[in-house]
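Working notes for the structure below.
Chain IDs A, B, C and D follow the sequence of writing; residue 1 opens each chain.
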Amino acid sequence: MLRHTSAMTAAAPATIAVRVILFASYADLAGTDEVTATLPGMARVTDLLDWARATLPGGARLPDRPLVAVNRTHVRLDTVLIDGDEVALLPPMAGG
Amino acid sequence: MLRHTSAMTAAAPATIAVRVILFASYADLAGTDEVTATLPGMARVTDLLDWARATLPGGARLPDRPLVAVNRTHVRLDTVLIDGDEVALLPPMAGG
Amino acid sequence: MTFLTSDSIEVEQLVARVTNPDRGGITTFVGLVRNHQDGRAVTRLEYHAYAAMAESECAALVTEAQRRWPVNVELQHRIGCLAIGDVAIAVAVAGDHRDECFEGCRWVVEQVKHRVPIWKREYYADGSDAWVDPTRLATALTPDPLGSVRHG
Amino acid sequence: MTFLTSDSIEVEQLVARVTNPDRGGITTFVGLVRNHQDGRAVTRLEYHAYAAMAESECAALVTEAQRRWPVNVELQHRIGCLAIGDVAIAVAVAGDHRDECFEGCRWVVEQVKHRVPIWKREYYADGSDAWVDPTRLATALTPDPLGSVRHG
């Protein structure tokens, strides 16, 4: 709630930069485990995923609705991003 | 089944002797942990319980339907006894 | 090894005996002597058993667990005098998957309570003592040790 | 202590940390590296984690377990290279009664699988390797790590 409200009451910046981190099979696909994405202000996680599919090597093979964490918390795909967020693309988890 | 059938096809003896063993609170009540009961042939566990209630110190305080084992196996109270059986009167179990 | 022991139960040894490179999980349950029961302070206790029958009942329920689930089961129950914190019972169940480990372990613990002739005498801080009757506790279920018994 | 460790997990130490004279039972689950998976011979494996998030998710689920049930919970997950038979995860749950020990332990194990960002790469006897995708296994449930997440 705090994230959304602050993004809406402040003037939205023209662009934001988010740190995208990749793990396991996604890192293997992309050939990297970290990249910076520049997105329009008020971009959502879904926008970041569109960017990743278009930009990252192997990005087209991301599932329709991958698991995503923002700043180390599982989030819904309609979450609005803000400048400086750490966005993690999480392959299916296999702990335990 | 074997117990019942053999008892019915052989001539039933006039009396049988069974070894009655008592544990925990029942042994405390009776003041002993072993006694021999002489019962009519074809007596059932219920008959043994009647005998115990009438004969053993504290026997009147046995519950209506105590747990009983014959020869180390849990049995129903209508089980027919045969000569030489080991009949255990089991207070509520409290293992684990 | 017998299922009943008057020595300390070595949980790690039970676990080691069910461990196998083919098994992916182990669920263990350890029952300990608590310092309280039904609001009374407990100082120590004694477990007594109908030893011959307790051994055969434990063997039967371990065999049955291993027939119901694809698991390896080890079980020990302490008898004699126990202090607070002592291990009273330990059950270790190894299986391919966590489902059968948890289900099998839980089932064995319940079966021990319902079928195995063991009794517990608690000694209280006020100097009194009593045989524990689980059927009189508020949380009691009626035991049915005859679930799988043939008629006499 | 951290929830993730690249050293061997000492199950006895986890159990010791939940042990308390006030608690009557301890349920433990240990997940081991099996020598097979979906019919393939496995020789070793690697666990990778999003370490900072995995730590915070483990802390959150342990706190939640201890709020849901009157229990003490300890949890560790191994990361890095593991051999067959190594302990991958250990969960120890102590409580007054066996109900909450079993329920709490099972819940923690499920939550780790569904919420904690850890991945497993298996190495097979034929020289190949693969990242394990539990959602593609026959027994898979769809994970829902968002069960308790606020909207963004």
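Criterion: a residue touches a chain if its C-beta (ideal position, glycine included) is under 8 Å from a C-beta of that chain, and two chains touch if they have at least 3 such contacts.
All values reported here derive from a predicted model rather than from experimental measurement.
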Shortest walk length in steps over touching chains, chain A through to chain C: 2
Separation of chain A from chain D, taking each centre as the mean of its C-alpha atoms, in whole Å: 26
Between chain A and chain B, centroid-to-centroid distance (C-alpha), Å: 74
Intercentroid distance (Cα basis), chain D paired with chain C, Å: 26
Residues of chain C engaged with two or more neighbouring chains: 31, 98, 109
Contacts with two or more other chains, residues of chain B listed in rising order: 96
Chain-to-chain touches, reported pairwise for every pair that qualifies: A-D, B-C, C-D
Touch list for chain D against partner chain A, complex: 31, 47-50, 52-54, 56, 77, 88-89, 109, 112-121, 131-136, 143, 145-146, 149-152
In the complex with chain C, residue positions of chain D that touch it: 11-12, 15, 19, 21-36, 84-85, 96-98, 101-102, 105-106, 109, 139
Partner chain D, residues of chain A touching it in the complex: 1, 3-4, 21, 23-25, 28, 44-45, 67, 69-70, 72-76, 78-80, 88, 90-96
